[in-house]
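Contents: one structure, followed by commentary.
Lettered A, B, C, D and E in written order, each chain numbered from 1.
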Amino acid sequence: MQNLMQHFEIIQKTPTLYALHVSIETLFNTLHHLRYQSDFITLSQLTCTDWIEEERFELGYMLTNLERNCNLMVKCFIGRDDVTVASVVTLFPQAEVMERELHEMFGVGFEGNDTLYDFALEDWQDLPPMRREFDTLAYVQSHYDFRDGRDDNLDVKEQIKIRKAAAKSAKEAQGGA
Amino acid sequence: MVLIDCFLMLLLAYGFGFLYYGLYRNLSARVHGRFGPSLAQSFFDSVKLFVKEQSTTFGWMFYAGPIIMATGAVLNVLFIPFINHGDSLQGLSSSANLIVVLYLMVLGPLGNALGVGSNGNPFGVMGITRGLTRLIALELPFYLAVIGVMIDAGSADFSAIFEAQSQEMNLLKHPLLFMAAFISFLGFMGKSPFDVVGAPQEVYSGPATEFSGKFFALLLSQSAMFSFAKLLLMVNLFLGGADDLGDLVLKTFVLFVAATFIGSVYARFSTIQSVEFLMRIPTLLGIVGLALL
Amino acid sequence: MERKTITIFHGPQHPGITGNMSVELELTGETITKARTHVGYLHRGFEKLIERRTVIQAFTIVCRICVPEPDPNEANFALAVEQLAGIEVSEKATYIRVMVLEMARLAAQLLWMAGQSGSVGLGTVGQWSIYDRDLILDLFEALTGGRVYHMYIYPGGVRRELPEGFLERLGALLDYLQKRLVEYDRLFFDNASFQKRAIGVGVVKSEEALHLGYVGQVLRGCGLKRDVRRDNPYFNYAALEFDIPTQSGGDVFARALVRRAEMRESIKILRQVIAQMPTEGAIMQKLPKHRKFTLPKEDTYVAVESARGEFGYYMAGDGSEMIRRMQVKGPSLIHGFTLLESLLVGEELSNVALIMNSLGICPPEIER
Amino acid sequence: MEEGFNAYRQSLESEEQSIKSTQSVVEQAIAWFRAHSMFVLAYGTGCGAIEMPPTFTSRYDIERLGVVGVATPRQADILIVSGYCSPKTLKRVIRSYEQMSDPKYIIGLGSCTINGGMYWDSYNTIKKLDDFLPVDMYVNGCMPRPEALIEGFVKLQEKIRLNSSEAGYIKYRDNYAHYRANQERLFGAQVAPSYEENFAGMN
Amino acid sequence: MLHFEATLLGHLFFGLSLLVIVALLRKNDGLWHLLLLGSLGIIFYASSLVTLFIGWEMMGWSGYFILSKTARVSTLQRYILFNLGGAFALLGAIALLFSFMGSMMLCDIDLTLLPVWALHSVSALVLIAVFVKSGIIGAHDWVVDSYQEASPLFSAVLSAILSKAGIYLFIVLLLKQPHDERVLFELMAWLGAITSVVATFKAISQDEIKRLLAYSSIAQLGYIITALSLMQAYALEAALYHTVIHTLVKLLLFVNVAAIMAITGKERFSELGGLLYRVPLLFVLLVIGIIALAGMPLLGGFNGKFLLYTALLEEKRALLLATVMFSSASAFLYCYKLVYGIYLGQRPHDESPLHVSPKSYYIPQLLSAALLILLGFLPALPTPLFSAIGVEAGFSALEFTKPSILNSPFGSFNGAVLMSAFGVVFVLILGLLQRVHSKAKAAQNAQDISYCGEVPKAGVNLHFGYGMGHELGRIGFIAFILRRQSRRFWDYLNLIVGDLSILLRSLYALGTQHILLLSLLGFTLLLLGGL
C-alpha cells in the first residue's frame, strides 16, 4: 500500500479504507494499473452519487485487495447529461451487471458493455429514477391512486381537536365546581 | 357374479387407495414432527377438484389422456386377484396372467403421455420423458424378480403362483429377489430416491402441470387406485397372497409403511443417477437371486 | 426453422426458485446450453426512498432490504452512520450487537438448510430446520419485539435492554441446537443420496474466485480463508476467538459442509458472548438533536459478514439531515449473475435449484 | 347503525343464516368440500413469503386445515399476494390468477396490499391491490405472523362455506372490464393476453 | 430345372408380401415392384436350392434398381455389396449341402447326416445371409442408410418384406437342427437380444424419422431371430406371429411417415411438431401403430412378445428373457418420441399451408390398423395356421381352444375380455367425466400454458422433439453404444483389402519368367495335394 501512496495521492479515511480522486481521462489507466500492478484485484462495488447542485455525478469504483482486508475507492466526477464512460468489463467481468444497473438507474452510458438492456424496471418510459430531478412522489400521484379514507371515520386531526377542547372544558368545569 | 365382484373390487381399491394416501400424509407428517391432515383429506381434495366450476382442456386428445390412464389403473385393479384361494374378489384375473398385468401397468402412463404431449407445455413432456427414461432401468430388477417367481411357480397364472407359495412365501424362499423387486417397487410408487417424474423443484410438477379441476381429480383418484394395485401385486408375488380381507389389509399396510418411511429419509436422485443406480445393485441382486433359484 | 433447443423459465412462480426472480434457460433435452438471470420483480427503489428520509426514518426501512437475514442491513446502517458522524458505542451495546448478528446467522443457515434439502426433495430436513429456526425467532421476539424484522441495532447502540433471564434462555437454546446438529448430520450431511446429488455439482474454480469478487461460502468452499469478521473486523469480533472453516471441493457439498461448520462456530461465539456480556453500561447513546440529526459531507464504505458473504454499504452524507446516497452491495449481485450464469451452462435441469440454493441467492438484495 | 368490527361480524352471521336457508344441501356440501381442501399457489411474491415456510411446516402446520402448496396455477385455488407488488410482479400475478380455475380466492398479506404500506412513496410498487385483482381476505401486519396467516385462512374458510355471490372470482368475472381498464392504465399495452372470451361462455 | 412346391409357410410369407406390395403400388416404378414381387414368389415357392438362390439374387438387384432412383451412390454401393456378400455365402452353403446331399431338392435335406464341421459351416454360411438381410448389428450399416434414402414407400417395402426373406431362409434351411449341436444357435439367440438392445438405444437418439424406424425394425428382427434360435414349437409360433405383426406395423408406420413427408415436406423431429389437430386421422393411426410396436397388451403387438416370453421361460433362459424385456421396456421411449416429435407438442406458429395428402396413403394404413385391432380381439386367430407350419417343420402341434384365447406353456390370456374391458371402462369414465359438476373450458391459444408466470413469446420454441432421450448419452454403457460406429470397422476392412490388392498387383509386375516359375511351383503343390 505504501508504494501506491507515492505513486497516487491517496487519502486514508479509516485504517482499512482509502480514497483516490482521478479525472475521467486517467480513470481507465489508473484502474488498469491498480488491477494488474497492485494487489487491488477485485471490483466489489460500482457506486454513483448524484451531486445535482454541482451539476455532476460522482462515480466510485470500490476495489478490494487480495487479502480482502483493505478497500480503495477510486472516484471521479463526470457530467450529468448523456455522458459515456469506458466500460471496465475487460478488467472486471462482474462489472457488466453493475454498469447495467447504473445505466438504467442514472442514465450513464458505458461503451464497450453491450448488455445494457433493462436490469430491474420493465418498459420504463420515464427519467432514470435514481437521478435527483426525478420526483418519486409526483410519479406516484400521477400513476397510482391511493385508497380513499374510510367514510365512517372523520379526519383524525379534527377528532384530536374536539377531544382536547372537551378535556379542557371538563377540567374548567371541575376546577369551577 | 363377475360384475358384482369387479364393482366390489373397485370400491375396495378406491377406498383403500385414498385411505393409504391419507395415511401416507399422516405418517410422513409424524416423521416431520407435526400432526398432518385428517385421514380422508386426499378424498376431500379429489371431491373438491371434481366440483370445481372450471377445468381447462386443450382439445380432445388432452381430454382422453387422463381417461386412458384411469382405465389402465382400473384394469390393473381388475386383473389382479385380491384373495388367493377363495373364489370371491377374483375379478377378471382368470382370463389374464402376470405378464399381461406387467405390461398393463405401462399402458395407463403411455396413454397419459399422449394427453400431456398434446397440451404443448414443455414441462409436461419433460416429466413424461423422465418417467420413460427411468422406466428403462426401473423394470429391469422387477422383471428379474418376476421371472424368478414365474420359473419357481412353473406358470404365469396367479393361481399357480399362489400354489407355489402355499407352504412358504416367496419373501422367505427368495429373499434376494424380494429385495430387488422392493427397490424398484419404491420407484413405481414414486417414493423418494426415485420420485423424479413430477419433482416440483425441477420440472414445475411434471406431467400434471396442465391438469386442472376434474382432470387433476381423475389423476389423483387413479393414482390412489394404481398404488393400491401395485401394493396388491407385491403382496401376491412375494407375501403369498392374502387369505382373507384382514390378511390383505395387514400385508399391504406393512409394505406401505416400509415404503413410506424409506421414502421420507432419502434425497431425490436425478434421472440419470437413478437409472445408473438401478442398473447396478438391484440388477445384481436379481441376477444372483435367479442363480440361486 | 431449427427447433433443437427449447426455452423455459425457471421463473418467478416456481417452487424451485429462491425468492422472486427468474432464470431463463435454453435447453437441449435437459442439458442447459444458455442461462440468463432476470431480476426486478422485487424492486422497490430503496435508495430513492432513503434519499427522502432522515436517519431515524431510514432506519425503519433499511432492515426490509433482505428478507432471510435483515440484521446485517441494520448493522451496516449503524456502522456507516457512526463512522460518518463519529459516534462511539458502549461495550455492552457492541456485545449485544454481536449476539444479534450471530443469532441471525444461525437462523439464516437453518433457513438455507430447508431450501437446500427442499431442492433435492428431502422434505423432512426442511420441516425440522424451520422448526428450530422458529425457536431462535422466539428469542428475537423476546429481545426486540419482532420475529424477522427486528429494528433493534440503532446508530449509537441498541434500542432495548436485555429482558431478564434472556441469556439463560439463549444458553439453553444453544445446548438444544448443539444436539440437533448431530441429527442433521445423520439425516442430511451424511445422507448418501444427498452426497450423490451434491458432490461434483456447481464447481467454482478457486483461481478466478477472488478476482471475480465472489464472497462468503463460495470462497470458503474452494479453500480460500476469507471472512470480513477476521479480515476487516467490526464491533468486537477481533476480541472474540473463533476460526474460519474452509473446504477444498468448491462444489455444492463443500459449501454445505462449510455452512455446517459455520453453525458450530456461531454457537461457539454466542457462548463466549454470554460469558463475557458486561452487566452494566448504557446500551443506547442518544443521537444529538434526535430528529434533526445531520450527517457531514463525507462518504464511507462499511461491510459486515452476513450468512451468505460480505454485505457492503456505501453511504454519502451532504451536511443536511437527509442521507445523500446509500448504495447496498449484497453477496447475491455477483453470485446471481456472473457466477450462476456460468455455472449453469452444461448443467442438468435438475441441478438448477440445487446450485441456486447453495450459492444463497436472495433476489431482494440484488435489485433492492 | 353501529360500525366497526362487531358490526361486520353480526352482518356476516345474519347473512350466513339467510343464505343457509336458501341453499340446497348439495350446494352446502360443495361449499364444505371447497372450504376443507384449499390448494395454495407456491408463489412468494413479496417479503411476506418468509412467513409462509413456518406456517406450512411442522411448527404451525397449516396442513391440518387441509391447506397444501401446489406448483402450478392450474391446480391452485388460492393465490397469496404476500406483501408489496411491483408492476413487473403484478403482471405475473395477474397471469397466474387468470390461469387458475374458478372458484379462486386471493389473500392479500401485509399493509402494502391495502394502502401501499411502508413503500407508499415508491415509484415501483402499487398502492391498492384491489384496483387490479379482487382480494377476498386481507391479513394486516408488516409481515403478518404465522398465527395471523392461519387466522386469515380460517376466516376465508368461513367465507367459502357461505358460498356467497360476492366472492372475488365472481366479482372479477362480472366487471372484468373495470379491472382490465385499471391494468391497462398501469401497464400500457403490454398486458398478458386478455381472457375476455374466457368469461364469455361462463355466465 | 426350376421346381416349385406350395408349402403353408410359403403361402404365409407370399401372402404378406402380396399385401404389402399391392398396397404400395404406384404408377412411376410399379414395374420394378412387380419384378420384386415375382422374385419373392420364386423364393417362397422354391422347392429346390437353385430356385431359391435365383430368387434371392433377383430380389437383390431388383431392390437395387428401385433404390437407385433416390439413394446416393455410396448407399447403393453398400447395399449391393452387402447383398452380394450374403448371396455368395448362401451359394457356398448350397454347394456344401449339395456335395453331401447329392440332390438339390429342399424336401430331402436332412441336416443330421452332415458331419459336425459341415453342419456348423453350412449353418454359419446361411446365418451370414440371414444376418445381412435382416441387418443384425455389424451388418446393419446398409440397412439404416438405404431405409433413410429410399423413397418413403419403398422403405416401407424394404422394412416390411425384404427383411423377412432372411427369416424364411432360416426356417426352411436350419430349423431341423440335431439337438446336441446347438452351441452356434445359443450364441445366435444372445446376438439377437443384444442387437435389439443396441438398436433400441440407437433409435432413441435419432433425429431423422426414417432412421429411427430403421433401427426399430432391426431391433424387432433381433427378437424374431432370438425366437427362432430356440428351436421349440412355441418359439417358432412366436417368431411367425412377430413376423406378421412386424410387417403390419412397419407398413403402417412407414406409410404414415410418408404421408407426413408428403404433407409437410420435412422429415426431422427438430422441424416437425404440433400436427395433431390438423391431421387427426393420421395421428390416431400412428398411435395404433406405436401401441402395436411397443407390444402393449391391447393390440396384436403383445401376442408375439407374450409367446416369446413364455417360450424363453419354458426353456428357463432367465437372463436372455431379462435382456429381451429390458430392450422392449426401453422401446417405449422411442415409440413416444415418434408420436410426440411429429404430432404432439407446441402448435407451430408458422402455420405453413399443408398440401392435401392423397387418399392412397390412407388405404394401407387403415388395412393394417384394422388387422392389428382384429388380432387384438382374437389373438389366437392365426394359431391353427402356425401350428400346421410347425407340424410341417417337425414340431408338435400347438394347443388351441378358442380364437380369443391365446394359450402358451406358461399360461393363457383372453384378448376379447381384455379389449372389451378396456372399452367398457373407458366409456364409463368418459361418462363420469362428462356429467361431473365442473365444466371444461378450452384454453385460449398456444401461449395459454402455465409457464412459471411468464408469457412464452411468439418466436420461442417449446417443442421437445429433438431433445427427447438426449440425457441417455450421460449413462456409461449407452454412451458406449451410441459412440460405437460399425462403419469404422467396414472402412478399416476396406483399407486392408486395398493394401492386399496393391501387394497382389506388384506380384504381376515381375518378369514373365518369374510367373512361369511360380505357376510351376503351384502346379506341383496341387499334384502333391491331390494324392
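Assorted remarks:
Assume a contact is a pair of C-beta atoms (placed from the backbone, for glycine too) under 8 Å apart; a residue touches a chain by one contact, two chains touch by 3 or more.
Computed from a prediction, not measured in an experiment: that's the story for all the values here.
Just count the C-beta contacts per chain pair and the biggest one is B-E.
Farthest from chain D in terms of Cα centroid separation is E. At the centre of the protein atoms shown, by the Cα-centroid criterion, sits B.
Chain centres here are C-alpha means, and the one lying farthest from chain C is E. Averaged C-alpha coordinates put the centre of chain A at 22 Å from the centre of chain C. Rounded to whole angstrom, the centroid-to-centroid distance between chain D and chain E, based on C-alpha atoms, equals 59 Å. Distance between chain centres (mean CA atoms), chain B to chain D: 37 Å.
Rounded to a whole number, the gap between the C-alpha centres of chain A and chain E is 71 angstrom. Listed for chain B are residues 32-34, 51-56, 122, 126, 129, 200, 204-205, 209-210, 213, 271-272, each touching two or more other chains.
Within chain C, residues 6, 8, 11-15, 30, 40, 43, 45, 48-49, 52, 127-128, 131, 348 each touch two or more of the remaining chains. For chain D, the set of residues that touch two or more other chains comprises 30, 42-43, 57-59, 71-74, 88, 92, 96, 99, 101, 121-124, 202. Chains that are in contact with each other form these pairs: A-C, A-D, B-C, B-D, B-E, C-D, C-E, D-E. Put simply, chain C touches chain B in their complex at residues 6, 8, 14-16, 30, 117-124, 127-128, 131, 187, 191, 193-194, 196-197, 348-353.
Contacts from chain D toward chain A in the complex involve residues 3, 87-88, 91, 114-116, 120-124, 126-128, 130-131, 186-188, 190.
Interface residues of chain C, counted against chain D in their complex, comprise 11-15, 19-20, 40-45, 48-49, 52, 60-61, 64, 67-68, 111, 114, 126-128, 130-131, 133-134, 137, 147-149, 364. Of all the residues in chain A, the ones that touch chain C in their complex are 13-14, 16-17, 41-45, 47-51, 58, 60, 62, 64, 66-71, 73, 92-94, 96-98, 101, 118-122, 129-130, 132, 134, 136-137. In the complex of the two chains, the chain B residues touching chain E come out as 49-59, 61, 63, 67-68, 70-71, 74-75, 78, 92, 95-100, 103-104, 106-107, 110, 113-114, 117-122, 125-126, 128-129, 132-133, 135-136, 139-140, 143-144, 147-148, 150-151, 154-157, 160, 204, 209-210, 213-214, 217-218, 271-272, 275-276, 279, 286-287, 290, 293.
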